Structures are given as structure tokens and as C-alpha cells.
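Think of it as A, B, C and D in the order they're written, each chain with its own count starting at 1.
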């Protein structure tokens, strides 16, 4: 089928952030173009204008579209007939809001890294701006892009697991065991700095992913939350470990545990879900297996593309035969792919669903900020149960 | 070396419980004799005298030592020159106290199933009786008998993991997903009946094991506890799911999650421990591997008997070369083995350590009952943090 | 049920070998009594009379039944009314024949370690003696005792896998990487000494197990064999590595690879079997899982006792609920258990099946010796395909 | 660093094959551009001119560079100032030679799928043409691109494993269990058709990969080979199962087993290597782990990017922190990346190594064809040992 039919051309991507030394900007650049559905053609790659321009060659971005600032970029791209179709925001948390707002208000679609904003107030304001604008707005809770995560979501929403009683989400890392931030490690520095990361450290960076994964798979609506955050690396300013308990509206109990201080652990995002009819588990470090269990039956391992027992979602998110592993970039690209579908539809004048989307969206971004806000507040109140419900949450 | 040197004979074992249809009694019988250090020679195998006597042939127990009641057994054995050296109590929870008390007061060593008693008050009273008597008293927190659990304990107590910051213990089962108790399944019936099981269901049966495992491995002293129990099988009288949070005196945070309602899960007791210098994990369903991790080093898999990198404890608890798996019975037998060592010493007139033992003892039994008591109380108070410290806990 | 009904008593076990420093003798002693169906009451524990008698106390064998030689034991036991019901032969390979012959001819049941004899001629002679005597004779290809090995066998014989096309058996160890035999390590010394071990080293010790496992599971009749043996530890007298190819009568192709020189490998006996309808795999280091696969279906993990999807054999060979692992000793005890069933039947005057038995028997022992003979011969002829069929093989 | 410094621009890629319904062409297109180092700008996407042109829109290839044939493409591209820097040949085996020859002789760099040609004679001729031309010529033995495969190679060539004694390579699939070729499944049809696939089926398609993987990791030079091929799907024209034994010049023994008929197996390429100092294993279905073992030490799991214990090769082939899995496309892209390095060097006038390259090259392609030739010949001669050495093999 022609690329991005009926648009029949690659989408034009702009990148914000991603300058020399960056990590997540390079991921966006790779994931965005992985399926030949987009080309990276412009960027404001750093908040430092000189560095921004110097970094353009790394991505083969032409010099005239290598901008020194977001402001400059919006102005210049706005005037081009071949302006970018969307921008990817891959900068530290505290800058997301202003950048996203600027592009959204100028009518550009946006793919924003998570957590969506610096605080909840910004998130709620951004939501209003996005709703008003009608642009496609995705938040890269990238783990939702794994084929078997989507398979799990499809099964649960279909009722294959029955009523959901319990979720156990964990995201366990070890790289911040020591105070790397004191050694000027760039990735560590901004993540542990409250003026850049916001009120949460570990729970903002990865706890949100763990929470979002369960929410995405199950569709359960949260009701109350109790948080217990810890700082184990002496002298650190933000949490580096913790557990939250979530009570869902249907009576289910969720636990969300996140760690940055577990020696040798890499990116061990792991979830188990118990339903009345079946249970399942999935692990991002081994993402091409989904284990499904029912009492009295053999344990079953579903593979990404393993056959007709799978629903439509898993196959649609796969590019290769099962056994040829697909991984992080492909999942990230699947979030892009779902957003591309919406952009192409919108560009073709079709109506586009904005709330109940396959990709995580601005509503999920708001819920993520509420999660952070209430976990931190509860933890300060000795784990008191606080309300955890946002009127704008997707049902 | 001669059997039980310097005693130079097998120990004589009596079994309480284990009659037709029983599960754990058969386990005690098998584990007790596994190493040819004991012989099962007497028993009161059921609270029903006729059934007790009828069951004796199943164990090849001679008719004259197949007793119709505990009372009868104590009286008769007490008079024999070849009286049993110890009894194993493998009956439902609510009967442990009376049985154990009777044998302890008569001077018999006791190996008691867990939870040790019906409630905390009984546990504290039993502790006094045991202290007064001087008998060897073990509680079968059997998972402590796995060689690699002992290896983990040895490493942590040696400081190989540094200061312990976090423990995550889980015991996940699925067999009580539906109300088997309503179908007269014997194992389910007493476990879900408050008059037999006590105030906790899942947390009494397996949550205690999960807590005990972390406590045994780390030696951390608990300070406060917050519990969140659920009943997911409609109509059930006791918890079948829950999570507890434990604050340890050194500032560490522990989580204990137990489930009986997770479809297809068998006996998945799983623990992860994070220290400042290293982290480890162990899983009972794959008990011959202990995974040890340090940042910047390969993940390491220690095997039960794998070589000189192990401490003394693991090898001492193994019977076979690594790669030939040892499992549940062997671990259970290791708890017996450590208690046998004490019994032989005592019988030989040596002084015997009673608090800081390799086998779980009456002090651990008391702490287990306190755990149950406070988890249930906290859960009723919406998860309030309650004190969790017993003056008799081992240090 | 009463022990060994209708015999209603424990069987009396005699142990040959197992003296101080032994490995496999202790295994037989433990496995033999594991289920309380037998008691170890007599033995000739070493070929050195003094050591034999000195070792008796290690097993709590009474002094008057601790014999200095096999000859002495046969004579003395033969006269006792409570004579042993069977003897277990746990001595080096070159002594099996004489010992087994002696006991069989005296009418005792025998459980013999493998390989059954020193060479094929002895095996064939022993078979005749056993056939003539009518005793129960088992060979401890102990891996056949694992519940899920029996499940695999049951499934294949039932046709669940369709026609079998291919088997891949591997037994990979590393402990003989260096010439331990040059360091007087006892276990290494006899295994690498042609005068004790026979014509094969690695292939006699573990290659036979790997071959037998596939044979036991599939029931396929072998036709031709091609062998390729290597000695990698310089100066060693017998093979320590190799691969054999087996052509079965039905056209299937089998591979059998065994190694004693693979660093860090423990007892990795691993088998894969491909049928026209399904495929399966099993690994002894993780024996409580059997993986079954069919195109277009999820991979399935069968657990030892996991539910009604299992056949009768697995459950009958299990003692514990699934998830509580059972392992090497329990499997070994299952071979004993099947032989005990036959002994009890025979003692009760019932007719006993001797060829198509659940336990490996003298016919399998002969086939094992033929396997060794032909692999070694083929290897000397540069891997030429040689006949591999014995008229006495079980069908 | 600027893209492809000092060339400072993306390379221009042409694709041969990959038209509608193709599999491997899409893989080349994705892998080729994954790192933003190349752009797909031209192609002859099918041997059917109409289909070739119709498929161009799927890749956003402009109509004027969508060629109806290879001949047309060479002619047209040859005249353009912005002509393609390289072409990727992703067509059935029997067409590789003519296509590759045409482009090489016209001075274009080529990346060719495997097996390199239809038969050995073609391979040897192509080698001469490539040598004469001086172009960069890579063969996509894509599994060599996995970071931990390169780590294994680096370790072995450094001597960390000591002398290599044994390799065991397996590539196990199940998708051709039934005769899909009879159902007009396109992927199955050409692979099982001797006029398109060549003399081998399974061994040409995946056996070559399994052999190449061991060869790449160890650098061992082969000396003799014995092959045993089978056809298990009735009526199939080419082998779908088999085992080959390889004797290496240093005395090592290799086994290569490949299957297309193992139910439920996906792309299970698995290798174990035994050295005198250490052993290792790697599995493509779980490619981010390399297990390294030494007697007396814990088993060690190396992860892709896990730390300073790794050599330079693994890190250089990784894009993400460890724990974020990278997989098939990234490995494939790593083969491209190494070839790109050579193309950039060459375009910049530097001398380029053509034999001892990081990417598999035309010499490896020739050795692969010799492997196929001799396995098939040996199999026809009942597994006779045949010479397996090519004078052009890389040392």
C-alpha cells in the first residue's frame, strides 16, 4: 500500500531536543522514521542556539531548517508550504509545557515525551489548549507500543480475563544506586533535580510508566492512592524508590513499585494482572512473550506473531515473523505509527478520535501528572489514602 | 560418620496428624526420614481415634504405637525406654497450641507446622512454656531450608550486600480462585474457616512464609507495618489477597504480597533484596538458582552446590552435585536436619542454642503471629501504620 | 492405603557399595526409603571388608547385617527369615555383573546402577540369568522417573505427537574439563579408567542416559548408529565428548550429544522431540516443566501436577502440589517405586510383567550396552553406520 | 558527529526485490535506514516491471527512480550525479548472481542476501568479479550483527575461552511442518523449489546461518564435513531437517542441526561453544543475553550494554541502555552499519579492508556455498566425511 495512503507521502518530522549528548531525542529520531512513514527534516535540537545548529548534521537535517530556538522554528516552519507535519518534544520535563503549547497553538501535531509537564496545573492547561486546537497529541508511554501489551489490552477489554481483581506493576532499575548526579552525569543530573524533573524523581521517571502500563492494559478507573516514597542514595533530592497502592473503582487493588537503586537491574518493567477468568504477565526485558494462565490448564506463552490465537492488535503491531525478536525501537515506533494514522486521517479531512486512542494521549498525560501529584502528597502524609480520579481520564 | 554421632542411632519420630487425606503430615513423614537420621515409629494421626489407628499402616507404624489421641500418646510414650525423641505437629492451626504444649511440658522435642498457633496470645504462652522446658522447638518455615536461601542469609549477614534498603517478597498461588471450600475440598475448608485458621486466611497460610523468608535472609528488625487485605472470592470469610508494607528499624522498606486467587499460579514464592553493595533474588519454583547482581558486572547465577564461590551453608544443605536438582522435600528435611543437630547435642548433654538457630524456632513463631495480628488490624484501620516489634524477636 | 498393600510391610533393602566416600550409594539409600516403602537393613558397603563394616553405622545398619563381602551377605541373608527383599548395586561398572549374578541366582530382586555391566557379553549373559530366575530386575536410568518424562512417554505412546521424526538428546557436563583423575579424585578416577568403566567414558556414563531418555519417551526402535567420540582433556584414556546419530526403524533421525568438558555445565540433560502433530522438550535441571508446542498455538508449559490436562502417569509419580518442586531424589525414588510395585506383586504371588515395565529393566540394560559398543566401534571406523538393533530390545 | 563523516550526507540506497508481498525486502529497507545513515531513493522492486513500479509508492520512492528491471536501473542510475551508493539484493536465491554481477561490474556497492548464489560455481565467479571491482560487498548473515554475537567473537579471538574444542549450532523452525508450498504460500514455494532455492532447502535457508554463526564467533577453519539430511514433509523436494558434523583444523568438533519441521518453534538459532578456559552460549530469540561459564564460578549473564566487563564491539553495536531490548532489525542494521563504514571510507578515498571485515563478505558467501555443496554431497554418500576447505576462506 502506498506510504500513508491516502496522503501518499512521508510525514515531515521536526525534532525538539536531541542535540549532542542526548539520549531520548535519538530514540525519537530513530523510532519516528523506522517504518519509512516519516522523514526527519527540521529541528530545534538544543536550547543553546549554537549547539542546536551544530547538531543538525548528525541527523542530516539541512542547515536552513536547523533552528536556534523553538520560537524561530515555529515562525519559519509556519510559512513553508512543506512545513513539518509534527514535532517530537524530547527535552527535560520542565520545558515540555512551553514547547508543546507553542506548537499546538500554531496548529502542529505534537508527540511529547513523558511525564507530559512539570506539574499538574500545566498538564490541565495543556489539555485545554490541545482540545481547543484539535491537533493530534501523543505522549510517549512507549511501552504501550509493544505488540503483546496491545494483545493483553485487547484480551482484557474483550473480557477474556473476566473481572480484574489485582495488578502488580514494577519498574526496577539500578543505575542511580549511587549519586551519579554528583559526578555530572547528564542523564542523572536533570532527573534528580526538582527544578527540572518536578516533585518526583523515580516515580516521575519510571513509576509513571509502570502505572500507565496497568492502566492501559486493563482500562480500570483509579479511585484512591497511597504512596510510600524513599530516598536511599544519601543526599539525593528526590525519591529513588517507592511503592504505591491503587484502589480501582471496581474494587481491584493495584501495586506499583519502582526503583532506581536495585543493583544490576536494567529496565525491568514487569506486570502481572489477575482476573476472575485468567491471569497474565509481561516483562519488557523479554517483550516477545506474554504468559497467560488459567487454573487447570497448561501455562501458555503467547508470542508476538505466533498465530491465529492472537487478536488483531498484536499482528498489526508486528513487522517480523515470531521468533525474530522485535524490541524497544519497534514498540516506540508503534506509538508513532498509531499517531501517524491519526495525522494522516486528519490531513485527509477525516474525523479523528482523540480520547479513546491506541496511542497514549493528552488525557493520559494529565492522569500521569495526577498520579505523581497524589503519590508524593500521600507519601508526605504517611501513606494516607488520597483521591485519585481525574474527570478527564479516559474511560 | 555414624548416624547422629555421638548418639549413634536414628532419632525416633512421632507424627501428630497426617491421617488419611492429609497433605502436610505426609510431607513431615517424608522429610523427617529423608536422610536416614530418623525413623517414624509412633503417631496420633488423627483427632478421630478410629481414623488415627486405621492410618498407622499407611506409615508402617506398629499398632501398639498408633495412638487414638495425643493424651494417650504422651502417657504411653512417656513410659517407654525407647520413647520418641520428638513429635511433628502437622494438624490444622487451631489445634497446634494444645498439642505442642502437651508434648513440650512432657519434655518431648517438637517440630511444629506454621502458623505456630491460633493467635498471638497462645504463641506468647507457648514461648514461655518452651523456654521453661528447654526442649528443642522448631517451626517449619520450610523455605528457610533451601540451600540457596541459606546462602543468601550467609551473604547478607556477612555484609556482602552492604546495608539492606529494600525487600520485595511475594507468594502467589491460584488454587483458591474459586470457593473450593464450598465444595468440601478439605485443604480449602479449614484454611478459609476463621474458627480453624485464625484471623487471617491467605496471610496466615502463605503471607507469613513470604514475610519470614525476608526476615530470615536479612536479619532486619521490623518496626511498623501497614496491611491491605482483600477478599476476592465472593462469600469467602477470610482474606485471599493482600499487600503489607514493612518499615524496618534501619530504614529499609519491605513489601509482602500474597495471593491465592491468581489463575494458574502454583507456589510462586519469590523474593528480591536490594543492598547498597549488591542485590539478589530467589524463587522457590526454581530453587537451585540464586541471582546476584552488582552494577557494572555480569548478572551472576549461583547454583546450589556450584563451587568455591559459595559459603559454607549452601554446601552443608546439599546432598547432590549441582545440576541434579534438589527441591521441596530436601529443603524441608534441612529444617529437620538443623533441629536434629540440636536434639542430638541436647541428648548428648551439650548446651544448645535456642534463639539464634539455623532452623526457625519458637521466637520466629511468635513473630509470625504478631505479623498476622498487626496486618489484619492495620487492614481494618485502612492501612494505618501499626507497631510491629516483639521484644522476644531474634536479633 | 497400608504400606505395600497387600504385603502390608516395608520392603527390606540391602545396599552393595555406598561405603565412605561414595556418591551414588548414598543416593540409592535415600531414594530407596524416601516413601517409607522400604527400610535399609543390610549391606556390603565396600569391596574392602573392613571399610564395609565401618561404614554400616553411617546408615544405622546393625552390625550383624554389615557384611564384609557379597559372598558373605548372600550366604547369611539367604538363611534369615527376614532376609532382604532386594539389593541395590551401587558399585563401579566392572563389578556389576558378578554382584548382580550372585544375587539373582540366589533369588533376590536387584536394582542395578547403569551401565548395567562392563561389556555387552556380560549384559547378554546377565539377561539370560534374570530371565531364568524370574526376579525383579531394574536398572537405574533414573531420569525416567521424573513425572514429566513419564507424561511425555504417555503422550507419545498415545499418539499425541503423531509420528516421531526427530529426537535431539544432550547431556552436557563440565566437571571433567581437566584431568581430575590425575589428582586422585575418586569419582573421576574410575570413570576414566578403561579397566573399571569399560570401553566408553563419557558415553558410558552419561551418553547412555541421553540415549535411554529418548528411547524411553518415544518407544522408537533403533536400526543403525554412527558415532563420533573425542578426547579433549589431553592424556585421558576414554572419550569425554561426542555425538552419535541414530536412525530409527520408522525413519526418524536421532542425535545424542554428551560432554564432560563444557565449562560450568552441571547436569544438563536436555531433550527435544519432533512429531508430525506436536513437539516437546524437557530439561532435567528444570524438571518440573514440560514444554509442548503445536504450530498456530501458544507454547504450553505442562507442570508436574498442574491439572486435568495431564495423563495418569505424571500425577502418579508426584507427591506434592505443582509449584512445590520435586527433583532428583524423587525421580530416583519413582524408579524404585515402580520396581517395588512389581516386587510386592511377585511376593503376593501375582504374575509380574518383566519386559514392558515402567522402570528400566534388564532388556534396557542390554540395549544400553549395545549402544556403547556400537558407538565406540563406529567412532573407530570414522563414523561408519553400524547396525544398532538387539533382538531382546523391548518393542 | 555529522552523518557518515567525512562524507557528511546520507548514503543513497537502491532496493532490488521487496515488491508487494515480499518479506525480506522490507527488512532490508527498514534496516538500511534505521540509523538515519541512508535513505532509500531508488529500486527495481520486482522482476515484473509493472509490479515493480506499482510497489514504489509503498516505499515513497519517486516514480522516476522506480525501475522496471535491473538493467534499466543500472543504466539510469549510472548516469545520475546523485546515483545510489549501494544496492540491496533481496530476491530469491537463483537470481542473486546475475543481479549482483550487474551492479558490481557497474561499480556499485552491493549488500546481498544469503545464500549468496544458486551454486558454488556462481559464488566463485562472483568473488572474482568483486575482487576485480573493488566494491564493498556484504552478505547479510544478519545474526552476526547482534551485539553479543560480536562480544562472543571478540572474547574468543582474544583467547578468553582458550582453545575451542566444540561448537553446537542449531536453527530450529516449525513453519514448514506441512507442505505450505502446496498451498501456494509464496515464502514456502520458492524455498522448497530446487530451481529457485538450489540443491538445499533447510540447509540453504537456515543451516547456512547456523554454520556461519559458529564460524564467525570462533574463527575456526573447517576441514571436513559429514551431512545427514532428511525430508520429513512427504512429497517435499528438498531437505527440511538435518544434522552436519564439522571437523575443524584445530581438532574441534562442530555440530550443525537445522529444522523446519519442529512444531511451534519459531526462529530458534542457538549456539554453544566450549573452550578450554570457558564456555558460552547465545540464543537469537533472547539475543540480549550471553551466558558465559567457567568451572567453579557462578554462571554469568552478559547483557548487551551492561558495563565495563564488555569489550568494545558490543557497545559499538548498541543504541540503547541495557534492559531496553534491541533485536532483529537493529542487528540487521549493524551489518549494514559496518558495510556503511567501509563505503564511506571508500568514497573518501581511503583504503578498505575486504577480507577480514566485521560484516560477512563475499568470501563468507563462497564458504557458505561450499558448506551447502558438501553437506548435500555427503548426505548422498551416507554421511561420508568430505573435504570442507576453501582456499579463499578468511583465516
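In this text, a residue touches a chain if its C-beta (ideal position, glycine included) is under 8 Å from a C-beta of that chain, and two chains touch if they have at least 3 such contacts.
Not measured: the values here are computed from a predicted model.
The set of chains in contact with chain B as well as chain D comprises A, C.
Most remote from chain C, judged by the distance between CA-atom centroids, is A. Each chain gets a centre from the mean of its Cα atoms; for chain A and chain B, those two points are 44 Å apart. The geometric centre of chain B is 34 Å away from that of chain C, both derived from CA atoms. Chain B has residues 175, 265, 295, 297, 299, 303, 306 in contact with two or more other chains. Put simply, chain C touches chain A in their complex at residues 292, 295-303, 306-309. Contact residues on chain A toward chain B in their complex (touch as defined above): 165-166, 168, 170, 172, 174-175, 177-178, 226, 228, 230, 232, 241-243, 245, 251, 253, 255, 257, 259, 261-265, 272, 274-279, 293-295, 297, 299, 382-383, 385.
Interface of chain D with chain A (complex): residues 1-3, 8-10, 23, 26-27, 29-30, 33-36, 39-40, 57-60, 173, 175, 265-268, 284-288, 303, 306, 319-330.
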